[in-house]
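Consider the two complexes below, in which subunit A is the common component and subunit B and subunit C are the respective partners.
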Partner chain A sequence: MPYDFFVAPFAEFEFMRRALAGALALALGAGPIGVFLMLRRMSLVGDAMAHAILPGAAVGFLLSGLNLFAMTAGGLIAGFVVALLTGLVARATELKEDAALATFYLLSLALGVTIVSVKGTNVDLLHVLFGNVLALDDQTLLLIAANASISLLVLALIYRPLVLECVDPGFMRSVSRAGGPAHLAFLALVVINLVSGFHALGTLLAVGIMMLPAAIGRFWARDITLMIAIATASGIAAGYAGLLLSFHVGVASGPAIILVAGALYVISLLFGRVGGLLRQLFPGRHLEA
Partner chain B sequence: MRRKALQGRASVRTRRQVMAAAAGGCLLAADFWAPDPAAAQGRSPGKLKVIASFSILGDLVKNVGGDRLEVATLVGANGNAHVYAPSPADARKVADAAVVFVNGLGFEGWLDRLVKASGTKAAIIVATKGIEPLARAGEHDHGRSDPHAWQSIANARIYVANIRDALIAIDAAGKAYYEANAAAYLAKLDALERDVRDTIARIPSERRRVVTSHDAFGYFESAYGIHFTAPQGVSTEAEASARDVAAIISAIRQQKAAAVFLENITDPRLVRQIASETGAKIGGVLYSDALTDATGDATTYIDLIRHNVGQLASALAS
Partner chain C sequence: MGCALQFRNVTLGYDRHPAVHHLDGKVDTGALVAVVGPNGAGKSTLFKGIVGSLKPLAGRIERGALLPQDIAYLPQAAEIDRSFPINVYDLVAMGLWRRAGSFGGIGGRARTAIEQAIAAVGLTGFEDRAIATLSGGQMQRMLFARLLLQDARMIVLNEPFNAVDAKTSADLFDLVRRWHGEERTVLTAMHDIDFVRTHFPETLLLAREPVAWGRTPSVLTPENLLLARRMCEAFDEHAHECVAQAAAS
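And then the complex of A and B:
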């Protein structure tokens, strides 16, 4: 029965509905952010930032347990500090942005691990490393949804400078000074999306729901709007299918979502209209006519 | 402590076999490095050396044997006898012992090989002899009958009687002593059973339904009328999948369980979610297969039962 397979798990269990809502909100925010990261050749920045926010969240956890507010605040502070310091160093010195980010996120990570080891046990930290999409309470859901809303609103505001800077940074600098602030606002969005991602999926997988859909979108569209739409849609599809997989097969939910996104990515890699492998091997027939 | 932790983790059957084989091979070597401090210190010549396979049985044996025995346990406090891997030191303990008390009913699957490997001449006493075994609820790795017989106090009385008779058979000089100890302990068990029944009688009968992640309480259920359900496949310590959580929630709904004991789900957020979705109360820890060490709250069999009943009563109270 298709209903039993596709709908019943969500109709019957509240935790599944919550997980679906969380995954949906996450994909809405993370999709566009991932696309911009990818287009700006900052795909690994997400990963570095995830490592940078982890210690902040861990410190929040150590101070007050699995407290949403403390962990969120800790993650945001650590992420913003690293992002700001990186921007400052890149602008004020010879060091390039990627090198500056590398130094600061590694320092943040080392500091976090040190603080945790001084405080004692690190067993419970597993809960920080791997959030649980099956355990989203009202507060956490609101946080994720609020983060997604903020992300979409701010992206709408800075969309033009952001796109322009992706496409032609030189031209952007010559016509406007909005590039710098837009860049900083964008980094802030990366941080808040990673923070909401780690509540649902954990820090490590939060990057996955950001970057994999973006890479999928890249294989199907040249147009940036369409690319964002496809990325968001595939993020939502991965969330839904991953939860179904976890429900029917009995594998852990967070990894299941990312693995479904990975499968979509492999399909796109092979069959994608834009630069997919099969397209390259067998170029379109319309050119021959 | 550290050694126990390592042993507890060794869960693979092949590893168990390798260890048992090694136990035989290392028997000579074990004499030289004597890794067990307890065996090295308290070796008073007059005492009868006996072994109990796990901590709960060890406590019962101590209560009957008192000062005449030197009791050692193979699977110690907090250990898991289901997945135990015997060490060379265990083979040595068994080789030195006059009596080995085991639970039987397929509880200690690793024991036969250990006994063989140790070459011991000790009498092997099955403490559950004469107990009416219950069928196991789910498929598990130890036979068809449920080995957790000690969860009913009536059965514990049979354990005690078996232990007493076995000790008298081995050590006739202590007959009066063993009989007196056993009688005193049986009186304590009677008092315990009265308390348990009183406590459970105060729980409204429609609330005597519990979902656990252990299926070790079959004897408790049939003796005291608290209904336990353990959803299948929820005994893993890995991250719970959506299917696991759904199985737990379905079980709670079907059983209309008033409380749920989920000690092996370690993520408190997930436990809260299950509670809020079902309205069931979240209970604490129920001890099933082992006593706790001195820092815990179930250092003896009587404490263990009292602890479990207390947990059940407070979770099920309306």
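And then the complex of A and C:
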């Protein structure tokens, strides 16, 4: 019965409903953010920042256990500290920004795992690394929903300057001063979405729900509006299908969501309308004009 | 005729090294001025000073009632990310920024203006094309359409006809002439001396120092061009402080 397979898990189990709500909210905020990260060629920066927030979250965990507020605050502080240190090192030394960031996020990751392993169990460590979308409590769910709402509202406010700043920064500077503030606001949105992703998917996979949907969108759209719509839709689809998969097959839910997104990505890579591999291999006969 | 730009002993440069040295003079409102000079003569530097993105090391640039934002500027190589997923229509529409800003709507009248601008540069039918698919000439046409929409009193073009074919540069120069007819002030950096002789009434010949400035035939003489060509391109790392500046202060 399709109902039993597609709907029943969510109708019958509250934790599944919560997980679904969390996954959908996450995808709503992360989709557009991921597209802009990709278009600004900052895909890996998002990944590095996701790892950078770990020691802060771990210190929060050390002080007060799996406490939402402490871990979020710690994560935010650690994220901003790493961003700041990276900027300083890149300016003061010969090391370039990417190399400086790489050193700091690797240290952060190692430090974070060490801190968690000092006090916590392996279960806690798994929770921090891979999140637990099936155990979202009210507070966490509210945090994720609030972050998604803030992201969409702020994006709506800064959308035009942000797009223009990406396409033609020189022109943007010549007509308006809104470009810099728009970029900073965007970075802040990246961090709060990473914190959301951290709670649901853990530090290692948080950025997956941003970047995989964005990459999927790139294979189907030549226009940024459509790209964002496709990215968000595929993030939502991955969240839903991933939870179903994890329920029926009994695998971990966070990785299942990312794996479904990965499957959608591979399909797009092969069959995508814009630059998909099959299109490139078999472009068809050329047109008359 | 009013004065759109007044240079008062302007020196522009980088790291205290002058790239434009002691420029005096004025640009009348509605003038069509060619800025000519070898590579490294300071044409781009001068334009950066005019649009306010570079502060003079000494002297003043007076823009009258114009703010730097009122000047439409087409850089030599626009910093456009050509892989960005945006179409021709939306990019041209950005020329309306001064009126629409971050939040303003683009209404029926603005849409008509956008379509007219696209038609004026001969890109009708390209509205939905991604900018990544444009040729170099089409790209330049699109940027001119955006300039048209900016509706600025002063327009500064940095080598706008380089790397475009004769047909495109002729079409685009028709727009420059139209702006001139509408009494907008237009400054254009040019390399094609013959083209300047035929089409520009006024010329500034720059070789770091201003070599000559005035009516084109009297500026583009063989002697002046030779002088400009002798300009030394490299900065002298051990240069002393400029005496003229010390005397002035």
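Convention: the second predicted complex is superposed on the first by the 238 of 289 C-alpha atoms of A that agree within 3 Å, B and C clash if a C-alpha of one lies under 4 Å from a C-alpha of the other, contacts with A are read in each partner's own complex, and residues count from 1 in each chain.
The rule we apply is simple: a contact is a pair of C-beta atoms (placed from the backbone, for glycine too) under 8 Å apart; a residue touches a chain by one contact, two chains touch by 3 or more.
Everything numeric in this text was worked out from a predicted model, so none of it was measured.
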| item | value |
| --- | --- |
| Partner chain(s) touched by A:S246 [first = subunit B, second = subunit C, both, neither] | first |
| Subunit B versus subunit C as contact partner of A:I224, first or second or both or neither | second |
| Partner chain(s) touched by A:F13 [first = subunit B, second = subunit C, both, neither] | first |
| Contacts of A:P161 with subunit B and subunit C, given as first, second, both or neither | second |
| Which of subunit B and subunit C A:N67 touches, first, second, both or neither | neither |
| Touching partner for A:A135 - first (subunit B), second (subunit C), both, neither | first |
| Subunit A-touching residues of subunit C, taken from the complex the two chains share | 51, 53, 68-69, 73, 75, 78-81, 84-87, 91, 94, 97-98, 101-103, 130-132, 146, 150 |
| List of subunit A residues in touch with subunit B within their complex | 9, 12-16, 18-19, 66, 126-127, 130, 132, 134-137, 243, 246-254, 256 |
| Residue ranges of subunit B in contact with subunit A within the complex | 233, 238-246, 249, 266-270, 272-274, 276-277 |
| Of all residues in subunit A, those that touch subunit C in their complex | 39, 157-158, 160-161, 163-164, 166-171, 173-176, 178, 218, 221-224, 227 |
